[in-house]
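What follows are several structures.
Across the two complexes that follow, chain A remains constant while its partner is chain B and subsequently chain C.
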Partner chain A sequence: MSQYIIRRLLQAVLTFFGATLIVYALMFSIADDPLQALAGERPLSASQRAQLTAQYHLDEPFVVQYGYYMKGLLTGDMGRTITGRPIADVLAEAWPRTIQLAAIAMAIVIVFGVIGGVFAGLRRGGVFDQTSLALTLVVIGTPVFVLGTVFQTVFAVELGWFRPSFAPELGIATYILPAIVLGLLSLATAMRLTRTSVVENLRADYVRTANAKGLPWRRVVSVHVLRNSLIPVLTFLGTEFGALMSGAMVTEGIFNIPGVGGRLFQGIRLEDGPLVVTIVSLLILIYLFVNLLVDLLYAVLDPRIRHE
Partner chain B sequence: MKNGLRLACYALIPIALVLTGCSGGTSEAEPGKLIVSIGIGEPQSLIPSSATESNGADVLNALFTDLVDYDDNAQPIPLAAESITTADNRVWTVKLRSGWTFHNGEPVTSDAYINAWNAGAWGPNAHNANYFFTKIAGYADLNPADGRSAPKAKKLSGLKRIDDLSFEVTLNEPYNNFKSMLGYTAFFPLPRAAFSDLDNNVIDPQFQEAPIGQGPFKMKGVWQHDQLIETERFENYAGPVKPKVDGIAFKIYQTQPTQYQDLLAGQLDVVTQIPLESLGGAAADLGERLKKSPTSTIQILAFPTFDPRFSKPEIRRAISMAIDRDEIINTLFLGSQKSLRSFVSPIVPGYRANTCGEACQFNPQKAKALFEANGGAKAVGSRVEIAYNVDGGHKPWIDATCNQLRANLGIECVGNPQPKFSELLTKARKKEPLGMFRLGWIFDYPAIENYLGPLYSTGGSSNYYGYSNPEFDALLAKGFSAPTAEEAIPYYQQAEDILVRDLPVLPLRFAENVYGHSTRVKNVELTLFNRVNLLKLEPATP
Partner chain C sequence: MSDATDDAVIAPPRSLAGDAWYDLRRNPVFWIAGFIVLMMVLIALFPGLFSSIDARTAACSLADSLRPPGAQHWFGFDKQGCDVYSRVIYGARSSVIVGVFSTLIAGFVAVLVGTVAGFYGRWVDALLARVVDVFLGVPTLLGAIVVAKALAGQDLGIWPVVLALGLLGWPTPARVIRSSVIAASHQDYVNAARILGAGNARIILRHILPNSLAPTVVILTIMLGSFIAVEATLSFLGVGPRNTVSWGTDIAEAQRWIREASFPLLFPAGFLTLTVLAFIMLGDTVREAFDPRLR
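Up next is the complex of A and B:
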């Protein structure tokens, strides 16, 4: 087991370097004139252009620029954004917010998605199953920005239950509405997936055997059906956590949460290579870590799966 | 369906209520104090000589006071200065009012201005407003053409201290409207505390986290990046008009629609620009709290001189007459913009309405006839393109303009989308095929030459289309060296008449700013710079 974990961690290191190289190359190829992007529609003085070009090594070839970036990263210096803030500061402020948002969204997905799915699966064809099917189809078919704006208008502006924008003085409560919006899409998918999985497992031989043995229904469902139904759901949730982090970009924008999404968007707009690469690389690392966690959980859920 | 929806809502509400419930009250305001919140975007910088974009400038204008203010006719009047005088338009003497102090207690002296301007002009600092100092003698010595070699001098030779409260500014060339320039953010003073190495013009990087100015409001805490910048009234403010509110909180937003939602929910007091998509319902939402103010922004359509298809002025004229400016404004901009038929903004002294004359009047028959007489569709290769940047929301009006050209001139017209404005400019600079392209201009200070110079003079900083007419340049130069700003205006107007003949660009529209405020405040006015006039803000009496 530990050998497996070490191997996976080593793979993560390689992936990290490969990913930064690719993302840096992509940023480099789209970067056209970061200094003009920074200046917006205003002119830039020749002297300022010359200074900033030298300061950010913008006139050097790709490999040299990447070298500077890597050298900084390995010596613990993430560099500065093109507006002059240390990238480390930006990330230290932004990451906790995005992680909180994604974690609350994830909790909502797990609680409502899985419970709802089990409920729908157990009473297949019932009223709850039918309405939840219709509802999840609507949610899956609605773009996030529509969902976000509608929720913001209805629940925050009209009803006044929430604040329309990020309010740090409210603590964790400020993330609730954005987390619901962010989680709804995954919630819908998780619910459909759990339902199908439960329905399938209810017809499995081992459930019939368990019933025949005279086990109480509660035990059949909670131990046998649920445990086996959760494996595909877990795979989905694992990949979904990464998707939630990057998908937070739109939601964070609507609700004005100063998280990673907004910084990433700003970085792309200003063609700020180092900022984008650092954020994306960290996203990749989290993604890798969560997936490792999911793989390990498999073994817990299903003893047949061994990581030798 | 309906039942399902309701069910889902009920399922979600309880946790939300429990969680919001446990965090306690929502109001953080102290009783009896009015802190007015204003929505802005994250500033790029809070160093005066680096804050050329509006967000940083908005904040700095609460913390600092300009040397000059502008009257209703956009003429400069001294504010922090007692007088600004000159004999020859080249050497200017600035006399400061006495008794002013910075928020940290340091007196405001002529050195505070000289030090700040030297730092702004110092090439290696690479401040955004660096180009404002080009006019001051000695600028070239601080700004080597190549970014890697060391500047020849550390201080501007054109700045000379006379005594504690007066200093002399020598310009490279006489410029009669220098006084107007001084109302720009770049010319604020800096206290000694701002510098970590005064001799080498180095500003402490931490300074902008809590800037110290001499203005009506001072920082309360530090800049909370991407969230909030709080200020409170500076009790020792020496300006003639004192603020009537207790503080300004600049709330930082990523998008404008969220600002508007916050205004509706009572979480924000002033939205300085109501997003286009909310304009339709804004009158119903806000009633009398929806306001309009003039702005300096103009939108133009440029013809690159390197594209031979547009070399004939008659072709350009025909295209101009085929565009129905009013229709686009009424249908797409819902009255938030107005048709522009001159080459400068209506808010500057010297503006004359409708200088463009017949060429900017919509007349499809004449346009078509003129177009055909000058080669018609063949002359432009049967197709024209209009380049625009997609990140600025320009697609709808570009498409509408194209439809009009198609219908009225019988040529194919397509939009040429560019991902970013910087890419559009790079292509124009490299003379790559673009077609016509859009361009906007916001003034730096209210003067007619601040439009004519950068946009239409040979080598002007925003003359990306390469227009060059020696006659125009000569008139502009005459204007610059006229004895006074008023006497310069006829020259500038003659120069504008040349533009009417040459039509290097087509004037399209100028912006009307639409803004709104909450019920907590009154007297919310925006200046020509699109900034809330903070000294006029008053608490609304219920």
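Up next is the complex of A and C:
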């Protein structure tokens, strides 16, 4: 086990530097004039140019620039937005909102996705199974921003069940519609995955053995089948984390939630290059970290993985 | 009726591909999805056949702003007074171009990397696996935003998006083809070819690739749908190409006036979803037909 952890950690370090290097290179070396790309359509004065050059160390060789950038990210010194506000301040204010939104979305995914998937898998080919297969396919085929704008139109503007944009005075209730939008895509995939693995596990030898021993069906399903079926769902949730983050950006943007994703959305619209680069890099860091965690957890849950 | 039973008795056992085609022909979802895909490609190639108004050049009149759908203009008018139907028709092109070309790029890189890694194995495989990990570490949409942003100043149209999606999208299909290549290279016919004196290049091109491409093609079809979705999302976010008619841009614009009228949003959104869904369903039905475990 410890050997597996060490190998996996070394891989994670490599991936981490590789992925951030790619993003950094994309941002700063493919543009003709990276400073103008950071500032978007704005005219840049000479003093702004000097300030941005110093902030990103653009007068140094590429590797040194990248080193400074990584050091800044890892030590929390993230520079300033194009309008001069410290990015760390912007983010400190934004994180709690995003975490609340993501937690509610995750709860929706786990409760409805997993329970729905188990029901569909147990009654394979039944009405519920067929309907949910068709519905989840439609959800998977719908881009998050379409889902978000259509739900906002139908449920908030036309039907008036929810507020169309962020209303902090409502407390947690204001996150419900955005969380449904954010969670639906992962919910659909989680449900299909749970269904498939329940169907496969129901045919497994150990289920036959458990039945033959005379265990009650309820126990066979809840202990034997469910536990083994959830392992792939867990990995999926880890790898889907990237999609969830992109989804959070779009959802928070549509519903005007000033979370991390909403800030990124605004940053893109207002052409705030430094803010966009910093948030994207941070999100990639989190993404890699979550994937590492999931991989380690996976090895704990399924011994076959670490013995390969 | 009697013909069918005779066929079943006389016909030699079908190959996997034959079986799959037999299943597919009887699957209505396959035909519906295929039809939608074909229509979208036609619309993208010849938008003039479907709309008498050229959305790229047509003058919009504010007098028509948000006029609801009617007999002359099926989808109504948007806030700027442009005909929504013609914008939806002309918007198909950028989606289809991005989908097709970024899939071609991703597919090419994936086949190259996956085949080399699977065929040569050992340290080549280990090295390429790390490269795949690194690229998988960059979520597609976020990476594409950075590329589109960096190249925003230069007027390159949709090509930065195509390139970004292609270069960030190849790792998943590369893993798929790698494992099919590994499976295929242990087959007897590969050994036979080698004993007969075939070189590596010949073995890969004539024997291994034709036998391992199918699962990758299926994954790529599904990815084509998701690339279209990402392209629309980029346009929606405002980092897509400028001066191009695109579903994502129109949806973003319509969302601003959502309280006044919802139809300018719902029509492009519907077309976009239908297109993405058609590609995903096409790939899904083909995969199911080829998966012997489901028989």
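In this text, the second predicted complex is superposed on the first by the 212 of 308 C-alpha atoms of A that agree within 3 Å, B and C clash if a C-alpha of one lies under 4 Å from a C-alpha of the other, contacts with A are read in each partner's own complex, and residues count from 1 in each chain.
Quick note on the criterion: a residue touches a chain if its C-beta (ideal position, glycine included) is under 8 Å from a C-beta of that chain, and two chains touch if they have at least 3 such contacts.
Being a predicted model, the structure only gives us computed values, none of them experimental.
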First, second, both or neither for A:190, with chain B first and chain C second: neither
First, second, both or neither for A:152, with chain B first and chain C second: both
Touching partner for A:254 - first (chain B), second (chain C), both, neither: both
Touching partner for A:286 - first (chain B), second (chain C), both, neither: neither
Which of chain B and chain C A:172 touches, first, second, both or neither: first
Touching partner for A:277 - first (chain B), second (chain C), both, neither: second
First, second, both or neither for A:262, with chain B first and chain C second: first
Chain B versus chain C as contact partner of A:161, first or second or both or neither: first
Chain B versus chain C as contact partner of A:226, first or second or both or neither: neither
Overlap of chain C and chain B interfaces on chain A (superposed complexes): 32-34, 36-37, 40, 149, 152-153, 157, 164, 253-254, 265, 269, 271
Touching residues (chain side chain B, partner chain A) in the complex: 1, 3-5, 7-8, 11-13, 15-17, 19-20, 22-23, 26, 28, 42, 44-45, 52-53, 123-128, 130-131, 134, 143-148, 205, 225-227, 251-255, 257-258, 261-262, 264-265, 267, 391, 420-423, 425-426, 439-442, 454, 461-462
Chain A residues within the chain B interface of the complex: 32-34, 36-55, 83-85, 89-90, 93-94, 112, 131-132, 134-135, 149, 152-153, 156-157, 160-173, 176-177, 180, 252-256, 258, 262-263, 265-266, 269, 271
Touching residues (chain side chain C, partner chain A) in the complex: 130-131, 133-143, 145-147, 149-154, 164, 225, 229-230, 232-233, 236-239, 248, 251, 254-255, 258-259, 262, 265-266, 269, 272-273, 276-277, 280-281, 284
List of chain A residues in touch with chain C within their complex: 11, 14-16, 18-19, 22-23, 26-28, 30-34, 36-37, 40, 137-138, 140-146, 149-150, 152-153, 157-158, 164, 242-243, 245-246, 249-250, 253-254, 265, 268-269, 271, 273, 276-277, 280, 283-284, 287-288, 291
